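Each of the next two complexes has subunit A plus one other chain: subunit B in the first, subunit C in the second.
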Partner chain A sequence: MPRHEVVSPIPGVFYRRPDPDSDPFATEGQNVGADDTVCLVEVMKSFHQVPAGAAGTVVEFLVENEDVVDAGQVVAIIDGAGDGG
Partner chain B sequence: MPIEVRKPGLSTTVQDAGRTGYYDLGIPPSGALDQYSLRAANLLVGNPVGAAALECVYLGPQLVFTEPAVVAVAGAEMAPRVNGEGRPLWESFDVRAGDVLDFGYIKAGARAYLAVSGGIDVPEVLGSRSTYGLGALGGLEGRPLQEGDTLPLGAGDGTAGRSVPEDLRPALGKDNEVRVVMGLYDHRLTEAGRKTFLDTTWTLTPVADRIGFRYKGPALETVEREQPFGAGHDPSNIVDAPYPIGSIQVPGGVEPIILHRDAVSGGGYMMIATVISGDLDVVAQSAPNTRTRFIELDLDAALAARADHRRRVQRLHEALG
Partner chain C sequence: MRRLLVANRGEIAVRIIRAARDLGISTVAVHSTADAEAPHVRLADAAVEIGPPQATKSYLVVDAILEAARSSGADAVHPGYGFLSERAAFAAAVTDAGLTFVGPDAAVIEEMGDKVRARQVARAAGVPTVPGTEDGVDDVAAAVAAAADIGYPVMLKAAAGGGGRGIRVVADEAELRSGFPAASAEAASAFGDGRMYLERFVRRARHVEVQVLGDGDDVVHLFERECSLQRRRQKMVEEATAPGIDADVRAAMTDAAVRLSREVGYRSAGTVEFLVDDDADESSDQRFFFIEMNTRIQVEHPTTELVTGVDLVAEQLRIATGEPLRLRQDDVTARGSAVEFRICAEDPDRDFLPAPGKVGRVSLPGGPWVRVDTWLEPDSQVSPFYDSLLAKVVVWGEDRETALRRSRRALAEFAVDGVATTAGMFTELLDEPWLQAGDFHTGTLEGWLGRRRAAADQGGHGS
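This part shows the complex of A and B:
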């Protein structure tokens, strides 16, 4: 199964939820589509959605909620959906 | 139109040397936050030093060129690519009609400047092509680029293969020193508050933008006083005063903010120090979590530092002349 790294394209604060009262975008073990948002990164007072980038199962998140991430940093791992996933 | 915007990047704006002469009316200078890198990029492609270029913050745009041009990228370490193939930073190179220019992830710094031979030829507003986003003024319709925008170019005659010597490229890192002159309101700090300001390694927060750079760290102790007529009740409040570009205000005595080139022109917070002009470029290239120490200079030392900065700019001109 191909392992896909979800990378934050920008530096900023990492969030798992769209807002503090909502459920997380995705949790470990959940199936996601390539275009599904898995987290937000906030910089310059605006929020940037980070898509999964590949369809499959979320294996793990590598960053704690509200940690500051760098551009290019791997924030989550997706186990690809198999053929071409 | 010679450039089509396929992806805008995070916040890509047209910026030049700035819009001087209107700050007293509340319109800030705007322009490239890192003026040195703007200058270098323009010199590399044979433009006047103050020509309009694209300031690309954290995440670069993807652009399609419909005409050949000579381009250069200076500033943040955000490597350009033509049709997916890497190109050097701090060096001019050719793009052909139909080429796609985009950027890799940013590795150091915060803002890359893309200069194109001929300059980005948006209309001048109050003598400048710079974008002032808060005022929806200048640049392309007064806002950052959007997908589907097109950018006009002036006439240029750049040469590929020109590069900035290594020793004239700024060092970018996650630890930096920013030199300041204390005042005008540092008398509002106690000795301990002043010492805290100068002894702390401050951390840049992700809210930093073209208006202000806000830093995390300990609270600064202020001198007790009676609230002056016309000032707010908070100990950090002053009777409203003009804010210099580069001034450092500390609302509530916490989280100092360096005002940069899109700043508001005045207000009621104490400004305890001002960043020397050359080091505004250092601030401009600070990414979130950059650790910063403020170094106090007296006025003579600040003027000497400005003379040094001007000599460095002169050397850049000689190298690319």
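This part shows the complex of A and C:
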């Protein structure tokens, strides 16, 4: 079963929710599409949506909400769907 | 006031520390772990680390700042701009801790921070506000009646909405009658509330703001700044005073700002923002409208300092100690013209993508009548955690043409290696005849940026 790594393209602060009062974009065990946003990274007060990048099931998030991430850091793992694995 | 804690970072922290030092007040810097090497930390007499890089865990933590004030023996706090500067609860917490807050009273921050309340205060002071409905309207007949009072064109906004959704502009009664039901239905489905606010739509609006200083009893104005050159509501270039403003509009607007500030017993430096309607008839009494009041020092304050010769931050500090205003209105004169360019770590050729990173060489402009407010130095780290402002290049000239010509020279001297900046784009902007003529409004810069991008895309395909 193909594992897909969701990578932050930029350094900044990692967020699981669109705003503090909303539900998370995605939770562990949830199915997502490739274009679905799974998190935000805030850089210099601007927010960048990070898409899943592959359709499948969210296996885990590797970063806590509001943690600092580097460019290129893996923030979540997606278990690729559709191959019966 | 003997020891001032500066609850901020970046260029404004440096600016405030300098003003305090000029007055013989010692200073305390606070900083996150990411800013341990920052110039504001080095420049201050003492420094206290207040938390990790994220602003929500450091510069925005009230208790951490109060604890830093206590441990360092500070007796006053300057909030700068942004961060906690317009949070009434912070001002109150500082005062409750027995410290001097450099800014207006918490109650005034709260009052002016509430849009509805601020409009009421403006009207009480006889200051014009954008004509509009106070309550939501939910049927066509009521909308038509309201619009007749407001005057066309009218903007329809969902009463429960936000973020620009459901906003539409109607030119006349026929368009209102045909457009209202759909707009209301859209609002009902999006927000569960079909009521609409109606407000005068100003097609060619300038953003002009008046600088004031008050001591709680008296208020003076220090003329106005033109701040229409914005991208996504962020100002990029500002100037003092505003070009192309009629003398009678300037007089009425500065007078209105003083009346409004007196109405709330304003004490500190503040800014009253207005929208100026360029299309309004000269005989109209509706040529400018109050938008909001900013109860803090502003990013663009140096332009006012260069034309008036008044150190606004020093005056803020003096007022905070309880001194009465040193200026009478007749003492304040504006000479020449000053322009500020906000140089940010953003790439204008990639849709203003933030550009954090390590800086190499830094070459800052200088020479006659060029002021650079910055925190940048060689080998600085431009952090992803804070705003992208690297430097403010502020240029004075005996007239606007001279100031713009000198700006071109100054901006050409600006060079940093390692990160993308907006400096080069400003030199292109200075070539624009509409900019040189002062002929622009709040939509002009975005239009220009759109054309600039389209031209670059075309050039890219052609090569």
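What we mean here is this: the second predicted complex is superposed on the first by the 81 of 85 C-alpha atoms of A that agree within 3 Å, B and C clash if a C-alpha of one lies under 4 Å from a C-alpha of the other, contacts with A are read in each partner's own complex, and residues count from 1 in each chain.
In this text, a residue touches a chain if its C-beta (ideal position, glycine included) is under 8 Å from a C-beta of that chain, and two chains touch if they have at least 3 such contacts.
Values in this document were obtained by computation on a predicted structure and should not be read as measured data.
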Which of subunit B and subunit C A:V13 touches, first, second, both or neither: both
First, second, both or neither for A:E66, with subunit B first and subunit C second: second
Of subunit B and subunit C, the chain that contacts the larger number of subunit A residues: B
Residues of subunit A that lie at the interface with subunit B and also at the interface with subunit C: 10-13, 43-45, 68
Residues of subunit A that touch subunit B when the two form their complex: 7, 9-13, 42-45, 48, 68, 70-72
Touching residues (chain side subunit B, partner subunit A) in the complex: 10-11, 57-59, 105-107, 206-209, 287-289
Contacting residues of subunit A [partner subunit C, same complex]: 10-13, 43-46, 66, 68
For the subunit C and subunit A complex, residues of the former touching the latter: 52-54, 56-57, 345-346, 354, 356, 384-388
